[in-house]
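Same chain, two partners: chain A is paired with chain B first, then with chain C.
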Partner chain A sequence: MTDDRDTAAMGFAGRVFRWLGSPTGRACLALALVLLVGFVFHADGAFYKAGTHRDALRQTSVYGILAAGMTLVIVTGGIDLAVGSVLALVSVCFATLTIHWGWSAWAAVPLALLIGALCGGASGLAVASWRVQPFIATLAMMALARGLAKYASGGMKVSTAVQEVDGAYRYVAVPAVFRAIDTRILGDNVPVVTAIFAVCFGLAWLALARHRWGRQLYAIGGNEEAARLSGLPVVGAKFAAYVASGLFAAVAGICQAAQEQQGDPEAGAGYELLAIAMVVVGGTSLMGGRGGLGLTLIGILTIGYLEKILSINAVPEAGRLMLTGVIILAAVLTQKRGR
Partner chain B sequence: MSFLMMHPAQTTSVLRMDGIGMRFGPVTVLDDVSFDLRAGEVHVLAGENGAGKSTLIKILAGVHRPCGGTMTLDGCAYAPAGPNDATHRGVAVVHQELSLIPAMSVADNLFLGCERTRGGWVDHASQHAAARRALAGIGLELDVTRAVESFPIGVRQMIEIGKALAHEARVLVMDEPTSALNAQEAEQLFALVALLKGRGCGLVYITHKMEEIERLADRITVLRDGRRVGTAPRAELPMERLVEWMVGREVGERFPRHAPHAGEELLRLTGFSVFSGGRSARPTVDGVSLTVRRGEIVGLGGLQGSGGSELMGGLFGAYGARTSGTAAVRGRAARFTAPRQAIRAGLAYVTNDRKASGLVLDQTIVFNATLADLPRLSPFGWRRPRAERAAAREATQPLQLRADSLDMSVGALSGGNQQKVVVAKWLRLGPDLLLLDEPTRGIDVGAKRELYSLLNAWTARGMGILMITSEMPELLAMSDRIVVLHRGRATATLTAAEATAERVLAAAMGQGGASRVTEATQS
Partner chain C sequence: MKRMVCLAGLVAGWMVAGCGKPVEQAAPATPAAPRAAKATYTIGMSQCNLGEPWRVQMNADIKAAAEPHPELKVVFKDAQNDTLRQRAHVEEFVSAGVDLIIISPKEAQPLTEPVAKAYQSGIPVIVLDRAVLGDQYTCFIAADNRKIGKAAGEWIKQALGGKGKVVELKGLMTSTPGQDRHAGFLEGIAGSGIEVVFEADMKWLEPDARKEMESALARFDAIDLVYAHNDPGAHGAYLAAKAAGRDSSIRFVGIDALPQEGVAYVAQGILAASFQYPTGGQEAIATALQILKGEPVPKQIVLGSRLFTKASVAAGGEDLP
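Up next is the complex of A and B:
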């Protein structure tokens, strides 16, 4: 009650100021700054073209899917370092199933998702039931999944160039599911991967903001002992968060395979760090219990646009990486000042 | 001036705070508060939770800078730039929450931030000697190379004081120093207070315990709603007046326990043991038998570490399967291995540390008050935010929770109001058996009395309550029966009529001879 009155008395400027001090406001400020850079360095008007934005969204979708799953884990106070490797494992398996073995998408997609869920489940089991520290448990899974990806592919990219017994290469057709994922829908406006990202994001948001499970994740991240003594299924809820992260990594792996038209066992290296950066730049606390998917979305857009703006301005990769590092640090520092 | 000449001893103020004001955003926390402290006196700072005591202390300790007013220390202007500055000027604060690093040695803790070095390297020998000297000065002899966590909490509190005094403090602030101590440890602390007083140190002492005020205070200053109500020598401020000053209204008798309405048996423990430290360690609760009936408050007495908290935790399933013996709830065997099972059977457990195990501090009142009731409030898994709000309002209203809005994070509430949120969380479930572990720890007189009335109302409705309290008057007055524990064993079961402070204490110290007679006469 008093809060409303105070806000009314403050007037418009006051309200804006207060909003800028909130986590959402701070995250939006970072995004606005990045967009401002885009307006200034628009690369001869390239920034004003719809195609650029569509491209930015498409390119960031795979990371975005990972970040959505990552948010669920980070809210519990955990972390999932394995998502990049799981993405590679799934993309290798998915490519093998569809290209080499000629499976239909209806069989290959569920199996690919199952592989992701199993990897996440293994991390979840270690973290929730055996009480291994999330950093260590998922670091182990990161190495394990990368090894599996290399084992499954024999260390080679799984592409449409299939090697015959005599050593000659034979080119097979790109599977229909690859082409379906790599197109655009809605009047050629929305890339399918972006639509997949939107669905994944929506599901994660529903779970965290509107489902009982989301409450449990926040409670675990905020005070695990209090959650346990309040009768919350701590072990199950945590386990499910890692399974979800693995599932999301599998979805990202399928998208990655379809876009590259191959399964690359080296794919996704470092993706987990970019996904974590997106979550953190959004303002979700690595300590757990604070933040949410709305913030993560802003973080995804901030980093996604940053990469795009640097690339349309033809900033070389070395400079791009350095600038990304600086901007992540700056964004997190502005958020810290509010606490 | 002539007054000064006539009573020199009484007017040598070590510390003066004049017209101190403090605002956090739009909220005025302190308004024109003045306070003075003389050398060699214990000045009790009293007031309900949220009255502004902690803020005043934080200003004194250099944590906050006041919005108005002046401070002088030994006659010189005093405006600390930060906690370190305050320490070096001779103002030491012993915090409510212990500020020691558990895994580090006593000596390392004592010299944290001001290590004794030789050529840049820590000089351990010199530190150990100096630490031993500093602790010997307050009558504490222990192995300073051992980790702080290996000492009981009472000793840790003393080490904390030793740390505060390592810098020749002129002013020592103690914020509820006995809240985690048992009777014996508290005695040691009081002796130390007397010692420091004799050395001419000025002590500011914050406490909610009336016995301590009566025993220790030379003068008392009462704060209420950020203002100073008054300052008076203890002799001129009888307890009733003091409480009236603090609460701003007459409170009536302190412990209004109604006659019990004992009904059917709710809980029966037979030979119940808890192995909270693992199966191989000595059981922390060893073969305890007790019963709780509907409408009854059973008090669990005993010194700190006697096993009461572990008994509750074990019964509630907090230690998994590390229990033995039999427990029956409403006549049915009940060996809970997870809190969820206990909750389903109608138990609720208010732990002794609301911050560590009761609340999710970052989250709102609504979040916390509905946490245990999520399954019912979210049919098919989907939450209904409106129903949650309504539920939180309904649960907190009878407790007279004081908060600006239900969307406030509970971390911003005062201790008493935080405790009410914990209680509200459990009341939502309509439990049959309520386990209360130190329910009044760190909450003010007014809130305590409100809680006592609630206990009466709940038992009148047929709830059974098992309660641990380290405050003897509370234990004696509110319990219908008292089970006293000593090192995990029940050494006495006393009815309200039989119970006296002496008998409870004797049993708590392990003199169980009398108790067997009592048990025999009861059965």
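Up next is the complex of A and C:
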């Protein structure tokens, strides 16, 4: 009662102030601050060019796909450290299938997705059924998938230079599917990888915010024991979250291979940490049960734009790392004070 | 309690081992005394990491060079970028009594002593690519990054007619190859009208190179050439320029010239030039054979580089002076 009257009395400014205190408001504030830095340090007007923003979105798409899957896992109170390695494994396999073996995209994409789902499924099995701590289970998968990627590629990048039995190299064309993914659509305005990110993100959002499974994930993250006692399919729902994260990592791996025109067994090292940072900067709690994909989107844009602004200003590496660290810490600290 | 005792024992053992003897063991003048000819020789090869294609290539080169010699048996070990693991490799090779050690060390200081100990125990040691300190090894084989950077600078100066706008995509600038390829390049273009309009650290990584190049393209409407410290970096820059529709007005130059990377890119018309950074694998085996036969070898071998351009790639490149 009094609450309503207060809100009415506060007026517009008060409501804005209150909104800024909410998780969404705080996340938006961080993004606005980063964008403000861009407006001030615009690098001879480069920040005002449409191409810069198009590129910023393209560059952050692979991380964004990982972060979308990561959100599903983190909401359950878990974590998936394996996404970077799964990305590398899938990109190596996808490049081998399409470049070296000449498979069509219709066969290679489903198989690549299956590989990602299997890796996620293995983590999910360990976490949900065998009750291994998510950090440990996915740490193991992180090592295993990286090893598989190196084994499948022989430690070399899988590129359009194919080695014959006699040691000579034969050069093959870049597969059509690579070109199709690494191009722009809608009047040359939207990179295909950004569109793929948007679709992945939309699916994850639908699942988490609109589907029963999403509710279950929140319930598990909030209080797993209570969720179990209320008869929720805890094991199945958790397992599915890790499978989804593996699938998203596979999509990211396909995008990575297409953009690099090769499968690199070293690709994606450290991407898992960036994806986690995006989720956390958005305001989703690592303890689980709180947050959502809307927040993750703001986190993705915050970190993506920060990288881009530092890059167009040619800030040296040392400064970039320090600034990124400060921004992540600052963003998370403001989130914490909101509770 | 039991655990405490164990721990104390370990610590004591470590202290005895660590502090027991001083390093100076009155180095013998010629530890590699002429040895009796054997039917088979075992060579221990310790690679600092196999995460980089260039190092995978080095191992492949060593293997290929050793294959025609049935008397050679090469044991490969990968230290996975861990200095202490590599130190253990050297110690394992010594206790296994190999006939010769080839090591491509991760870093100089921590591996100097293990290498010196192996050398003093009478096992010849060939140090490949990265140096150790002092002179307690048999032979050091490496290419000169600064020289290659300078050659790239000079080639770029000539290709651009002495003036133009260049983007430099640097390798990890905390690593000596990155520093040397940068310093050599500046030396090579010194006194010309070439302007480095944008430089960024892409940490040897192709995705990073692409990102940095996109930023350079957004900032500058006129870019004549991209000099990247490795071929994947140049390739990433090319992909960025291609996505912006500007790949035809920019030339790309890289370093390393691995057969499946730089050389392939030159052959496909993506890079204008790639400068080889030789692995020295073949030279290491040739030197090893000389040592095992008791022939004298030089203390240091500086490897030559080769230049691959559209004109010379089919002929296997051309020697750099």
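We take it that the second predicted complex is superposed on the first by the 334 of 339 C-alpha atoms of A that agree within 3 Å, B and C clash if a C-alpha of one lies under 4 Å from a C-alpha of the other, contacts with A are read in each partner's own complex, and residues count from 1 in each chain.
Basically, contacts are C-beta pairs under 8 Å (C-beta built on N, C-alpha and C of every residue); 3 or more make two chains touch, one makes a residue touch a chain.
Predicted, not measured: the structure shown is a model, and the values here were computed from it.
Participant: Given the superposition on chain A, are chain B and chain C in a clash or a fit?
Facilitator: fit
Participant: Tell me the contact category for A:H100 with respect to chain B and chain C: first, second, both or neither.
Facilitator: A:H100: touches no partner chain.
Participant: Answer with first, second, both or neither: which of chain B and chain C does A:P233 touch in the superposed model?
Facilitator: So A:P233 only meets chain B here.
Participant: Name the chain, either chain B or chain C, that contacts more residues of chain A.
Facilitator: C
Participant: Now for A:D182: first (chain B), second (chain C), both, or neither, which partner does it touch?
Facilitator: Second partner only.
Participant: Given the touch rule stated above, what does A:R215 touch, chain B (first), chain C (second), both, or neither?
Facilitator: In the superposition, A:R215 touches chain B alone.
Participant: Could you tell me how near the closest CA atoms of chain B and chain C get once both structures are overlaid on the shared chain, in Å?
Facilitator: Shortest inter-chain C-alpha distance (chain B to chain C): 17 Å.
Participant: Could you tell me which stretches of chain A are touched by chain B in one complex and by chain C in the other?
Facilitator: none
Participant: Flag every residue of chain B that touches chain A in the complex, lowest number first.
Facilitator: Residues of chain B touching chain A: 26, 316, 318, 338-340, 342-344, 349, 351, 356-363, 367, 371-372, 374-375, 378, 381-383, 404-405, 425.
Participant: Quick one: in the complex, what on chain A touches chain B?
Facilitator: Per the touch definition, chain A meets chain B at residues 1-3, 6, 210-216, 218-219, 222-223, 225-233, 289-290.
Participant: Considering the complex alone, what residue numbers of chain A touch chain C?
Facilitator: Contacts found on chain A: 43-44, 46, 49, 51-52, 55, 59, 150, 154-157, 159-161, 163, 169, 171, 182, 184, 256, 259-261, 264, 266-267, 307-308, 311-312, 314, 316-317.
Participant: Quick one: in the complex, what on chain C touches chain A?
Facilitator: Its residues touching chain A are 50-53, 56, 173, 198-201, 203, 206-207, 210-212, 214-215, 217-219, 232, 235-236, 239, 243-244, 259-261, 263-264, 267-268.
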